[in-house]
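Chain lettering (A, B, C and D) follows the sequence in which the chains are written, and residue indices restart at 1 in each chain.
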Amino acid sequence: MESLLHITTLHYLVLGAALFLLGVIGVLTRRNVVIVLMSIELILNAVNLNLIAFSRFWGGVHGQIFAIFVITDAAAEAAVGLGILIAFFRNKETVNVDEVNLLKW
Amino acid sequence: MTDPRSLSPPSLETHVAVRDDTFLDTNELVINMGPQHPATHGVLRVILTELNRIASHQLWLGTHALDIGAITPLFYTFRDREEILKIYEKYCGARLTTHAFRIGGLQYETYNGFEKEVKNFLNFFRPKIGEYEELLTTNRIWLERTRNVGKISGEDCIALGVTGPVLRASGVKWDIRKAQPYANYKNFDFEIPTGQNGDTYDRYLVRMEEMRQSVRIIEQAVDAIPEGPIMAKVPKVMKPAVGEVYHSIEAPKGELGYFIVSDGSTQPYRVRVRPPSFVNLQALDLMCRGQLVADVIAVIGTLDIVLGEVDR
Amino acid sequence: MNPVAEPALATPFFFYLLSGLMLIGGILVITRKNAVHSALALIVTLLAQSAIYLMLYAPFVAGVQIILYAGGIMVLFLFVIMLVNIDRALKERQFNRQWLVGMAAATALGGLFIAVYARGKAIFPERILTTAEGNNTQRVADMLYGPYMFAFEIASLLLLVAIIGAVVMAKKRI
Amino acid sequence: MTEFMRYISGYLTSDKTPGGAGNMFWACVYILLVFAGVSVGVICMNWLERKILAHMQVRLGPMRVGPHGLLQPFADALKLLLKEDIIPAEADLVIFWSAPFIVDLAAFTVFVVVPFGPTHAITDMNIGILFMLGVSSLSVLGIVMAGWASNSHYPLIGALRSSAQMVSYEVAMGLSVVSAILMTSMNDTGTGTLSMIGIVQQQLIQKEWFIFKFFPLGLIAFFIFAVAMVAETNRAPFDLAEAESELTAGFHTEYSGFRWSLFFLAEYGAMMAVSSIAVTLWLGGWLRPFPNLLAGTTWDQIFSYFPGVAFLLLGAICFYNVARMPKHPYFRIQTIGLAVFGVVLALVGLVLFIPAVSVRIQDIFWFSAKVAAFMYLYIWYRGTFPRYRFDQLMRMGWKVLLPLGLGVLILTAGVGLLQIRS
């Protein structure tokens, strides 16, 4: 009980791991590209959580800097991914990953 | 917000008045009474129709600006239009269906102080045009919304039969009041405003200038109302000659013409109306080509159509 | 009557509240059929996470998280979901047994996590530093425009590439 | 019990915000006060907008419910609450329900960090302005949800339009905000701040409102913000999302009654919120006008009379209108009501002359007066401008305001650098 009530860095790490797992499951099971992309966002957020928890642990801000870079990265990824999705949808009228099975369409 | 012109009765009013006018004109031609008209009739008719033109343009301006998103001009124009309607009401008792025109002249004498009230209105109205223009003419957003929107060339206008301010804004100097003067127009001095680009903004400017010209015409006409009867002697039963006739006038929205075929009886054999709105609406397709959907609203507004006239 | 909240209880309360929100949101993201619902669940997760950042005394990252993630990226997602009309996907059933594979992989990964924790329990941080809040934003700025300047420039380049890439992908004709 | 009283009274001598002092009781009181104040502001705004717009358009506006329509907002609220709550059959229920609340939440949460005075804020975060921008950008989510959940074409198009619009204008807005934040660091220590109270205090220390700082850079940044904030709140001339000639009512077409009124509340709350940002960043927040031109205790004294005088003037206007009321029995109740309202206003004005009150209230007064000026601008825009077309709106955001904002940011940084060097 004491370990549950006394929030330590470990708690944040467990939370991050759980989110990461959720993201992985989402990426592997869903067919909808949009939801796959969102699951990737979940994974990135789990990573961010770890980074920030450790930055708090060490008392520095390096982890936060990395988190900001990761957020930048996520923005870029979302923009390009959704751009591809729109191009794909325009040609194939579908947003399912398992239908992206042609090298050229 | 629905376009008020498609719903509210006042929009029909200008048309009814002018339509009476043409219809009778045409009838008169058929029964060959034109030259016998009393002089008073012609001048009064000019005053009344020009007042009507102002009222129509005011209505157009208010609703057109409302469509583009400027809500204030509507109230300004309706405030001023009310003065015109008051004159009409006092003159013939009706605001909506001004029904004074008869074969052979006018039904009603002018009331006492008609000239004075019209002059008062002119003095009241002259600065108001500036007020409208102040809100819109140099407004950046208005310019962006109307310039190069709904462009149409003069040739296209002529090919489609588009008339009125739309035609004049495309640079064609065609106004039936000058080209085939009816009533007493040839006695009055006025300009035909024309535009160059044929876009929505030019049509706006042309109509604003037309209001000024109408004021100028009425100014001259009010001073020139001759004494005398307003109605010629008209036989109880009129038997026009056999034949056909087309006569048109410059209504506020464009050329309004009546084509009448007479078989010599008291009833016309066939009557066909050439309405300006119906014909002008044809240009919508051409004007909207290559434009955005939001521009359609501006273009429909600038055509100044009355849907009651289109849907027949 | 003691209106002063017990700080020792406030932290776990908010932690469990927020992490519960995050996990529920995360589960909804990967289980909802409707992509819009997924996106909204993800937004809940992200907002809860930004609150957790606040608990970790990283207010600047929390603000960035709200502005960029919830206000920017997720709006982009919603936008795209609405552009690509995926009503059809709602009526389709997924026949392949991908979820089995997914669960297997996830279990393996989870097992890995637990194994790592079980083996190296000693090095895992059980403590938490309690420094004062301080001027976090300023420290982040000093770092970002000092030692991390190069990485910062690279990130801006990355964003530029992403912008061009997105435009090239999504535009019908260039 | 005494401990509790001491807990309450302990804050009164503090020079921090209740959030900063960690005093839960006063924080709750402040939250209630701010919430009530914003709601009253929305009610006033409703009446004022209709009245001012009407007078701009040669109409009278509401005249029937109460003297000069003063009770019209309450009648409207009652009507909206009693109206049937229609939910389209094909709507996505949960999202349809929650969308108005999210918009409201975003609009009202922003006020947590709005500084009405050096201590008159619920709390003072050190990421204050970031928090404000972030939370106010969340309202776009509610709008998108509302548009999508209605499962109808006009709301969807309206929602897409307004989200595209809000996202693009946020960029220009952010840039102009950054240039103002840059100005906060032009002091002896060279450290800037993101805290809302800190920003105003910097303007006090630098003895200059940021709108006049580095003339004309501050002015241009303020102009960018002033344009972007109108677009952010979807108000005329940027009200594309609810352009009635094109989209009926935009994203809230399918909403009726209470839910619609929540959107209404959020719209006006958001207007006040962004106006408060503008006031805080460029117009000196709670500082009185001309802090350096008319400095000195005498002027302080004179300016401290302003709140009272303003309320007395409002009361005088009421009495003027009482005198102009028609002397017909039909109008008797209205006349009495207006007179009572005038008396209340005048009494408030007199109370504000008490030094102890006026010292505490004048910060709030100046802040609210500046926000009110922005509210008037909103109404004025609506009465004057036609509506932009959507591509023009986007062009304006990306091709005019964004480069302008970037230029101002770079120039501000350059000028600031030169100033520090010299």
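A few points about this structure:
Quick note on the criterion: contacts are C-beta pairs under 8 Å (C-beta built on N, C-alpha and C of every residue); 3 or more make two chains touch, one makes a residue touch a chain.
Being a predicted model, the structure only gives us computed values, none of them experimental.
Simply put, of B-D and C-D, more C-beta pairs touch at C-D.
Rounded to whole angstrom units, the spacing between the C-alpha centres of subunit A and subunit B is 66. Inter-chain spacing, taken between the CA centroids of subunit B and subunit D, is 47 Å. Inter-chain spacing, taken between the CA centroids of subunit C and subunit D, is 31 Å. Distance between chain centres (mean CA atoms), subunit A to subunit D: 36 Å. Counting partner chains per residue, subunit C shows two or more touched chains at residues 60, 64, 72, 76, 83, 136.
All chain pairs that touch, listed by label, are A-C, B-D, C-D. Interface residues of subunit C, counted against subunit D in their complex, comprise 1-5, 34, 36-37, 40, 43, 59-60, 62-64, 66-67, 70-72, 74-76, 78-79, 82-83, 133, 135-138. The touching residues of subunit D, when paired with subunit C in their complex, are 1, 3-4, 7, 24-25, 92, 95, 125-127, 130-131, 133-135, 137-138, 140-141, 144-145, 148, 156, 159-160, 163-164, 167, 170, 174, 191, 194. Touching subunit A in their complex are the following residues of subunit C: 8-9, 11-12, 15, 19, 22-23, 26-27, 29-30, 32, 35, 38-39, 42, 45-46, 49, 52-53, 56-58, 60-61, 64-65, 68-69, 72-73, 76-77, 80-81, 83-84, 86, 88-89, 94, 96, 98-99, 101-103, 105-106, 109-110, 113, 124-129, 131, 136, 139-140, 143-144, 148, 151, 155, 158-159, 161-163, 165-170, 172.
On the side of subunit A, the complex with subunit C involves touching residues 4-13, 15, 17-32, 34-35, 37-39, 41-42, 45, 48-49, 52-59, 61-62, 64-65, 67-69, 71-80, 82-87, 89-90, 94-96, 98. Every residue of subunit B that touches subunit D in the complex is listed here, in rising order: 1, 3, 65-72, 74-76, 79, 135-136, 139, 141-142, 144-145, 292-295, 297.
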